[in-house]
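Labels for the chains are A, B, C, D, E and F, by order of writing; each one numbers its residues from 1.
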Amino acid sequence: MPVIQITMNKGRSVDQKRELVEVLTRETARILQAKEANMRILIYEISDENWANGGKLGVDM
Amino acid sequence: MPVIQITMNKGRSVDQKRELVEVLTRETARILQAKEANMRILIYEISDENWANGGKLGVDM
Amino acid sequence: MPVIQITMNKGRSVDQKRELVEVLTRETARILQAKEANMRILIYEISDENWANGGKLGVDM
Amino acid sequence: MPVIQITMNKGRSVDQKRELVEVLTRETARILQAKEANMRILIYEISDENWANGGKLGVDM
Amino acid sequence: MPVIQITMNKGRSVDQKRELVEVLTRETARILQAKEANMRILIYEISDENWANGGKLGVDM
Amino acid sequence: MPVIQITMNKGRSVDQKRELVEVLTRETARILQAKEANMRILIYEISDENWANGGKLGVDM
(Lines give C-alpha, C1' and ligand atoms only; values in the text may rest on other atoms or scores of the structure.)
Protein backbone atom coordinates (compact mmCIF):
# COMPACT_ATOMS: atom_id res chain seq x y z
CA MET A 1 0.00 0.00 0.00
CA PRO A 2 -0.67 2.35 -1.51
CA VAL A 3 -1.47 0.76 -4.87
CA ILE A 4 -1.56 3.13 -7.86
CA GLN A 5 -3.31 2.16 -11.08
CA ILE A 6 -2.72 4.22 -14.18
CA THR A 7 -4.88 3.87 -17.28
CA MET A 8 -3.39 5.59 -20.32
CA ASN A 9 -3.30 5.33 -24.07
CA LYS A 10 -0.66 3.17 -25.72
CA GLY A 11 2.59 4.37 -27.12
CA ARG A 12 4.85 5.47 -24.29
CA SER A 13 8.46 4.24 -24.22
CA VAL A 14 9.97 2.09 -21.50
CA ASP A 15 12.05 5.11 -20.48
CA GLN A 16 8.94 7.19 -19.91
CA LYS A 17 7.36 4.39 -17.86
CA ARG A 18 10.57 3.93 -15.85
CA GLU A 19 10.67 7.63 -14.96
CA LEU A 20 6.94 7.65 -14.24
CA VAL A 21 7.02 4.81 -11.69
CA GLU A 22 10.17 6.17 -10.03
CA VAL A 23 8.78 9.66 -9.59
CA LEU A 24 5.25 8.63 -8.60
CA THR A 25 6.54 6.11 -6.06
CA ARG A 26 8.99 8.56 -4.52
CA GLU A 27 6.55 11.49 -4.36
CA THR A 28 3.63 9.42 -3.08
CA ALA A 29 5.76 7.81 -0.37
CA ARG A 30 7.08 11.24 0.67
CA ILE A 31 3.66 12.93 0.84
CA LEU A 32 1.81 10.04 2.49
CA GLN A 33 4.74 8.96 4.68
CA ALA A 34 4.54 5.44 3.28
CA LYS A 35 7.37 3.01 2.62
CA GLU A 36 8.53 3.01 -1.01
CA ALA A 37 9.21 -0.74 -0.86
CA ASN A 38 5.54 -1.47 -0.15
CA MET A 39 4.20 0.53 -3.07
CA ARG A 40 2.82 -1.05 -6.21
CA ILE A 41 2.09 0.64 -9.54
CA LEU A 42 0.07 -1.02 -12.29
CA ILE A 43 -0.22 0.46 -15.79
CA TYR A 44 -3.13 -0.41 -18.10
CA GLU A 45 -2.54 0.63 -21.70
CA ILE A 46 -5.60 1.00 -23.88
CA SER A 47 -5.98 1.91 -27.54
CA ASP A 48 -7.68 5.11 -28.72
CA GLU A 49 -10.91 3.29 -29.50
CA ASN A 50 -11.20 2.24 -25.86
CA TRP A 51 -11.52 5.54 -24.04
CA ALA A 52 -13.78 8.55 -24.30
CA ASN A 53 -13.87 12.10 -22.99
CA GLY A 54 -17.30 13.70 -22.86
CA GLY A 55 -18.86 10.86 -24.84
CA LYS A 56 -16.38 11.04 -27.72
CA LEU A 57 -13.97 8.21 -28.52
CA GLY A 58 -10.25 8.91 -28.60
CA VAL A 59 -10.09 7.85 -32.26
CA ASP A 60 -12.61 10.56 -33.15
CA MET A 61 -10.73 13.48 -31.58
CA MET B 1 -16.44 12.66 -12.78
CA PRO B 2 -18.11 10.34 -13.00
CA VAL B 3 -15.59 7.86 -14.40
CA ILE B 4 -17.06 4.70 -15.95
CA GLN B 5 -14.91 1.61 -16.47
CA ILE B 6 -16.20 -1.21 -18.66
CA THR B 7 -14.58 -4.64 -18.76
CA MET B 8 -15.83 -6.76 -21.65
CA ASN B 9 -14.69 -9.50 -23.95
CA LYS B 10 -12.89 -8.62 -27.16
CA GLY B 11 -14.46 -8.37 -30.54
CA ARG B 12 -16.75 -5.36 -30.65
CA SER B 13 -16.49 -2.95 -33.58
CA VAL B 14 -15.51 0.70 -33.33
CA ASP B 15 -19.10 1.58 -34.25
CA GLN B 16 -20.43 -0.36 -31.28
CA LYS B 17 -17.92 1.32 -28.96
CA ARG B 18 -18.79 4.74 -30.40
CA GLU B 19 -22.49 4.24 -29.74
CA LEU B 20 -21.77 2.78 -26.31
CA VAL B 21 -19.76 5.75 -25.04
CA GLU B 22 -22.21 8.27 -26.53
CA VAL B 23 -25.26 6.66 -24.96
CA LEU B 24 -23.68 5.88 -21.58
CA THR B 25 -22.26 9.39 -21.27
CA ARG B 26 -25.54 11.06 -22.21
CA GLU B 27 -27.72 8.87 -20.00
CA THR B 28 -25.39 9.00 -17.01
CA ALA B 29 -25.08 12.78 -17.23
CA ARG B 30 -28.87 13.11 -17.48
CA ILE B 31 -29.65 10.84 -14.53
CA LEU B 32 -26.89 12.10 -12.23
CA GLN B 33 -27.16 15.73 -13.38
CA ALA B 34 -23.46 15.74 -14.21
CA LYS B 35 -21.69 17.59 -17.03
CA GLU B 36 -21.08 15.41 -20.08
CA ALA B 37 -17.77 17.18 -20.75
CA ASN B 38 -16.36 16.01 -17.42
CA MET B 39 -17.18 12.37 -17.94
CA ARG B 40 -14.60 9.72 -18.77
CA ILE B 41 -15.15 6.19 -20.02
CA LEU B 42 -12.43 3.54 -20.08
CA ILE B 43 -12.89 0.19 -21.83
CA TYR B 44 -10.80 -2.85 -20.91
CA GLU B 45 -11.04 -5.67 -23.43
CA ILE B 46 -10.11 -9.13 -22.22
CA SER B 47 -9.98 -12.45 -24.02
CA ASP B 48 -12.27 -15.38 -23.15
CA GLU B 49 -9.56 -17.09 -21.13
CA ASN B 50 -9.42 -14.07 -18.80
CA TRP B 51 -12.89 -13.98 -17.30
CA ALA B 52 -15.09 -16.43 -15.45
CA ASN B 53 -18.72 -16.69 -14.41
CA GLY B 54 -19.41 -18.99 -11.49
CA GLY B 55 -15.88 -20.37 -11.54
CA LYS B 56 -15.94 -21.32 -15.22
CA LEU B 57 -13.67 -19.67 -17.81
CA GLY B 58 -15.25 -17.97 -20.81
CA VAL B 59 -13.35 -20.34 -23.14
CA ASP B 60 -15.05 -23.32 -21.48
CA MET B 61 -18.63 -22.11 -21.91
CA MET C 1 -19.89 -9.81 -18.56
CA PRO C 2 -19.70 -7.00 -19.20
CA VAL C 3 -18.88 -5.54 -15.79
CA ILE C 4 -19.37 -1.78 -15.41
CA GLN C 5 -17.72 0.14 -12.59
CA ILE C 6 -18.83 3.69 -11.87
CA THR C 7 -16.86 6.00 -9.61
CA MET C 8 -18.81 9.11 -8.64
CA ASN C 9 -19.12 11.61 -5.82
CA LYS C 10 -21.47 10.88 -2.95
CA GLY C 11 -24.95 12.17 -2.60
CA ARG C 12 -27.18 10.55 -5.20
CA SER C 13 -30.53 9.10 -4.15
CA VAL C 14 -31.48 5.44 -4.40
CA ASP C 15 -33.95 6.44 -7.13
CA GLN C 16 -31.16 7.93 -9.22
CA LYS C 17 -29.03 4.81 -8.74
CA ARG C 18 -31.98 2.57 -9.59
CA GLU C 19 -32.61 4.42 -12.85
CA LEU C 20 -28.89 4.51 -13.61
CA VAL C 21 -28.34 0.74 -13.35
CA GLU C 22 -31.54 -0.03 -15.26
CA VAL C 23 -30.71 2.26 -18.16
CA LEU C 24 -27.00 1.41 -18.36
CA THR C 25 -27.69 -2.33 -18.24
CA ARG C 26 -30.40 -2.15 -20.90
CA GLU C 27 -28.45 0.11 -23.26
CA THR C 28 -25.16 -1.75 -22.87
CA ALA C 29 -26.82 -5.12 -23.46
CA ARG C 30 -28.59 -3.75 -26.54
CA ILE C 31 -25.48 -2.18 -28.11
CA LEU C 32 -23.09 -5.04 -27.31
CA GLN C 33 -25.66 -7.80 -27.85
CA ALA C 34 -24.99 -9.15 -24.38
CA LYS C 35 -27.44 -10.77 -21.97
CA GLU C 36 -28.83 -8.35 -19.37
CA ALA C 37 -28.90 -11.13 -16.76
CA ASN C 38 -25.12 -11.55 -16.97
CA MET C 39 -24.31 -7.89 -16.48
CA ARG C 40 -22.93 -6.48 -13.27
CA ILE C 41 -22.69 -2.85 -12.20
CA LEU C 42 -20.61 -1.68 -9.24
CA ILE C 43 -20.80 1.87 -7.89
CA TYR C 44 -17.96 3.39 -5.86
CA GLU C 45 -18.95 6.59 -4.06
CA ILE C 46 -16.14 8.88 -3.03
CA SER C 47 -16.16 12.18 -1.16
CA ASP C 48 -15.07 15.47 -2.74
CA GLU C 49 -11.66 15.32 -1.09
CA ASN C 50 -10.96 12.04 -2.91
CA TRP C 51 -11.05 13.04 -6.55
CA ALA C 52 -9.31 15.64 -8.67
CA ASN C 53 -9.70 17.13 -12.14
CA GLY C 54 -6.57 18.67 -13.59
CA GLY C 55 -4.71 18.39 -10.31
CA LYS C 56 -7.38 20.17 -8.25
CA LEU C 57 -9.36 18.44 -5.51
CA GLY C 58 -13.15 18.37 -5.71
CA VAL C 59 -13.37 20.24 -2.37
CA ASP C 60 -11.39 23.14 -3.87
CA MET C 61 -13.61 23.68 -6.92
CA MET D 1 -21.16 -10.36 -6.31
CA PRO D 2 -18.50 -10.62 -5.24
CA VAL D 3 -16.43 -9.51 -8.23
CA ILE D 4 -12.73 -10.39 -8.14
CA GLN D 5 -10.22 -8.59 -10.35
CA ILE D 6 -6.74 -10.01 -10.72
CA THR D 7 -3.89 -8.04 -12.27
CA MET D 8 -0.88 -10.21 -13.08
CA ASN D 9 1.99 -10.42 -15.52
CA LYS D 10 1.51 -12.23 -18.80
CA GLY D 11 2.49 -15.78 -19.51
CA ARG D 12 0.25 -18.12 -17.55
CA SER D 13 -1.33 -21.08 -19.34
CA VAL D 14 -5.05 -21.61 -19.79
CA ASP D 15 -4.76 -24.55 -17.38
CA GLN D 16 -3.37 -22.30 -14.66
CA LYS D 17 -6.14 -19.76 -15.24
CA ARG D 18 -8.77 -22.50 -15.19
CA GLU D 19 -7.56 -23.81 -11.85
CA LEU D 20 -7.21 -20.27 -10.50
CA VAL D 21 -10.81 -19.23 -11.21
CA GLU D 22 -12.20 -22.57 -9.96
CA VAL D 23 -10.34 -22.43 -6.67
CA LEU D 24 -10.84 -18.72 -6.01
CA THR D 25 -14.55 -18.93 -6.78
CA ARG D 26 -15.08 -21.99 -4.59
CA GLU D 27 -13.04 -20.69 -1.64
CA THR D 28 -14.48 -17.17 -1.77
CA ALA D 29 -18.05 -18.48 -1.94
CA ARG D 30 -17.37 -20.81 0.99
CA ILE D 31 -15.77 -18.18 3.23
CA LEU D 32 -18.21 -15.36 2.42
CA GLN D 33 -21.27 -17.63 2.15
CA ALA D 34 -21.97 -16.30 -1.33
CA LYS D 35 -23.43 -18.17 -4.31
CA GLU D 36 -20.78 -19.45 -6.71
CA ALA D 37 -23.07 -18.81 -9.68
CA ASN D 38 -23.16 -15.06 -8.93
CA MET D 39 -19.41 -14.66 -8.76
CA ARG D 40 -17.36 -13.01 -11.46
CA ILE D 41 -13.59 -13.06 -11.96
CA LEU D 42 -11.77 -10.73 -14.35
CA ILE D 43 -8.07 -11.16 -15.19
CA TYR D 44 -5.97 -8.28 -16.50
CA GLU D 45 -2.64 -9.38 -17.93
CA ILE D 46 0.08 -6.77 -18.16
CA SER D 47 3.62 -6.94 -19.50
CA ASP D 48 6.70 -6.50 -17.31
CA GLU D 49 7.16 -2.89 -18.39
CA ASN D 50 3.72 -2.06 -16.98
CA TRP D 51 4.10 -2.79 -13.29
CA ALA D 52 6.48 -1.72 -10.56
CA ASN D 53 7.34 -2.77 -7.03
CA GLY D 54 8.95 -0.10 -4.88
CA GLY D 55 9.40 2.23 -7.85
CA LYS D 56 11.22 -0.31 -10.02
CA LEU D 57 9.75 -1.65 -13.27
CA GLY D 58 9.28 -5.40 -13.68
CA VAL D 59 11.63 -5.36 -16.69
CA ASP D 60 14.43 -3.97 -14.51
CA MET D 61 14.27 -6.65 -11.79
CA MET E 1 2.19 -8.94 -8.15
CA PRO E 2 -0.32 -10.30 -8.52
CA VAL E 3 -2.74 -7.74 -7.12
CA ILE E 4 -6.24 -9.00 -6.30
CA GLN E 5 -9.14 -6.58 -5.87
CA ILE E 6 -12.38 -7.84 -4.36
CA THR E 7 -15.60 -5.84 -4.50
CA MET E 8 -18.27 -7.21 -2.18
CA ASN E 9 -21.22 -6.07 -0.14
CA LYS E 10 -20.69 -4.89 3.41
CA GLY E 11 -21.16 -6.94 6.52
CA ARG E 12 -18.44 -9.58 6.69
CA SER E 13 -16.53 -10.05 9.93
CA VAL E 14 -12.81 -9.49 10.36
CA ASP E 15 -12.46 -13.25 10.81
CA GLN E 16 -14.01 -13.89 7.41
CA LYS E 17 -11.72 -11.31 5.79
CA ARG E 18 -8.68 -12.78 7.54
CA GLU E 19 -9.45 -16.26 6.24
CA LEU E 20 -10.26 -14.88 2.80
CA VAL E 21 -6.93 -13.11 2.31
CA GLU E 22 -4.94 -16.03 3.74
CA VAL E 23 -6.57 -18.60 1.47
CA LEU E 24 -6.63 -16.47 -1.68
CA THR E 25 -3.00 -15.47 -1.25
CA ARG E 26 -1.84 -19.02 -0.62
CA GLU E 27 -3.85 -20.59 -3.45
CA THR E 28 -3.00 -17.88 -5.97
CA ALA E 29 0.70 -18.07 -5.16
CA ARG E 30 0.62 -21.86 -5.47
CA ILE E 31 -1.21 -21.94 -8.81
CA LEU E 32 0.66 -19.04 -10.42
CA GLN E 33 4.03 -19.92 -8.82
CA ALA E 34 4.26 -16.41 -7.42
CA LYS E 35 5.80 -15.32 -4.11
CA GLU E 36 3.22 -14.87 -1.34
CA ALA E 37 5.17 -11.95 0.11
CA ASN E 38 4.71 -9.94 -3.08
CA MET E 39 0.96 -10.37 -3.26
CA ARG E 40 -1.51 -7.64 -2.42
CA ILE E 41 -5.23 -7.93 -1.79
CA LEU E 42 -7.55 -4.94 -1.66
CA ILE E 43 -11.19 -5.22 -0.52
CA TYR E 44 -13.81 -2.65 -1.54
CA GLU E 45 -17.01 -2.90 0.48
CA ILE E 46 -20.12 -1.38 -1.04
CA SER E 47 -23.66 -1.10 0.24
CA ASP E 48 -26.60 -2.88 -1.38
CA GLU E 49 -27.71 0.29 -3.17
CA ASN E 50 -24.36 0.39 -4.99
CA TRP E 51 -24.37 -2.81 -7.00
CA ALA E 52 -26.70 -4.40 -9.51
CA ASN E 53 -27.15 -7.79 -11.15
CA GLY E 54 -29.01 -7.77 -14.43
CA GLY E 55 -30.03 -4.14 -14.02
CA LYS E 56 -31.55 -4.61 -10.57
CA LEU E 57 -30.11 -2.95 -7.44
CA GLY E 58 -29.07 -5.14 -4.52
CA VAL E 59 -31.59 -3.32 -2.28
CA ASP E 60 -34.42 -4.39 -4.59
CA MET E 61 -33.63 -8.12 -4.56
CA MET F 1 -6.58 10.60 -19.84
CA PRO F 2 -4.58 9.45 -18.13
CA VAL F 3 -6.74 8.37 -15.19
CA ILE F 4 -4.90 7.56 -11.96
CA GLN F 5 -6.56 5.51 -9.23
CA ILE F 6 -4.99 5.34 -5.80
CA THR F 7 -6.05 2.82 -3.16
CA MET F 8 -4.69 3.64 0.27
CA ASN F 9 -5.53 3.24 3.93
CA LYS F 10 -7.66 5.85 5.66
CA GLY F 11 -6.39 8.68 7.74
CA ARG F 12 -4.63 11.18 5.51
CA SER F 13 -5.45 14.88 5.82
CA VAL F 14 -6.99 17.01 3.11
CA ASP F 15 -3.66 18.84 2.88
CA GLN F 16 -1.83 15.61 2.10
CA LYS F 17 -4.40 14.70 -0.56
CA ARG F 18 -4.21 18.19 -2.06
CA GLU F 19 -0.44 17.97 -2.39
CA LEU F 20 -0.67 14.41 -3.69
CA VAL F 21 -3.04 15.21 -6.57
CA GLU F 22 -1.13 18.37 -7.49
CA VAL F 23 2.23 16.63 -7.64
CA LEU F 24 1.03 13.44 -9.33
CA THR F 25 -0.90 15.38 -11.97
CA ARG F 26 2.00 17.71 -12.72
CA GLU F 27 4.65 14.99 -12.84
CA THR F 28 2.54 12.56 -14.87
CA ALA F 29 1.61 15.24 -17.40
CA ARG F 30 5.27 16.26 -17.70
CA ILE F 31 6.62 12.73 -18.19
CA LEU F 32 3.85 11.50 -20.51
CA GLN F 33 3.45 14.81 -22.32
CA ALA F 34 -0.25 14.84 -21.50
CA LYS F 35 -2.48 17.83 -20.73
CA GLU F 36 -2.94 18.44 -17.01
CA ALA F 37 -6.53 19.60 -17.59
CA ASN F 38 -7.50 16.19 -18.97
CA MET F 39 -6.14 14.21 -16.06
CA ARG F 40 -8.32 12.60 -13.43
CA ILE F 41 -7.30 11.19 -10.07
CA LEU F 42 -9.56 8.99 -7.94
CA ILE F 43 -8.69 8.03 -4.37
CA TYR F 44 -10.20 4.97 -2.69
CA GLU F 45 -9.69 4.90 1.07
CA ILE F 46 -9.98 1.54 2.76
CA SER F 47 -9.71 0.54 6.41
CA ASP F 48 -6.94 -1.70 7.74
CA GLU F 49 -9.18 -4.75 7.74
CA ASN F 50 -9.64 -4.38 3.97
CA TRP F 51 -6.15 -4.84 2.64
CA ALA F 52 -3.46 -7.47 2.95
CA ASN F 53 0.24 -7.82 2.17
CA GLY F 54 1.48 -11.36 1.74
CA GLY F 55 -1.79 -12.83 3.00
CA LYS F 56 -1.82 -10.83 6.23
CA LEU F 57 -4.49 -8.22 6.99
CA GLY F 58 -3.44 -4.66 7.77
CA VAL F 59 -5.07 -4.91 11.21
CA ASP F 60 -2.81 -7.84 12.09
CA MET F 61 0.50 -6.12 11.27
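Here, a residue touches a chain if its C-beta (ideal position, glycine included) is under 8 Å from a C-beta of that chain, and two chains touch if they have at least 3 such contacts.
Since this is a predicted model, take the numbers as computed values, not measurements.
Where touching is counted per the definition, the chains common to subunit D and subunit E are A, C.
For the self-contact between subunit A and subunit B, the two sides draw on mostly distinct residue numbers; the shared fraction is below half. By residue number, over half of the contacts seen at D-E repeat in one listed pair from C-F, C-D or B-C, namely B-C.
One finds 23 Å separating the Cα centroids of subunit B and subunit F.
Work out the mean CA point of subunit A and of subunit F, and you get 11 Å between them.
The centroid of the Cα atoms in subunit A and the matching centroid in subunit D are 20 Å apart.
Annotation for subunit C: residues 1, 3, 5, 7, 24, 38, 40, 42, 44, 51, 53 touch two or more other chains. You'll find the chains touch as A-B, A-D, A-E, A-F, B-C, B-D, B-F, C-D, C-E, C-F, D-E, E-F. Within the complex, the subunit F residues that touch subunit E are 7, 44, 46, 49-57, 59-60. Interface residues of subunit B, counted against subunit F in their complex, comprise 1, 3, 40, 42. Within the complex, the subunit E residues that touch subunit D are 1-9, 12, 16, 19-20, 23-24, 27-28, 31-32, 34, 38, 51, 53, 58. By the touch criterion given at the top, residues 5, 14, 17-18, 21-22, 24-26, 36-45 of subunit A touch subunit D in their complex.
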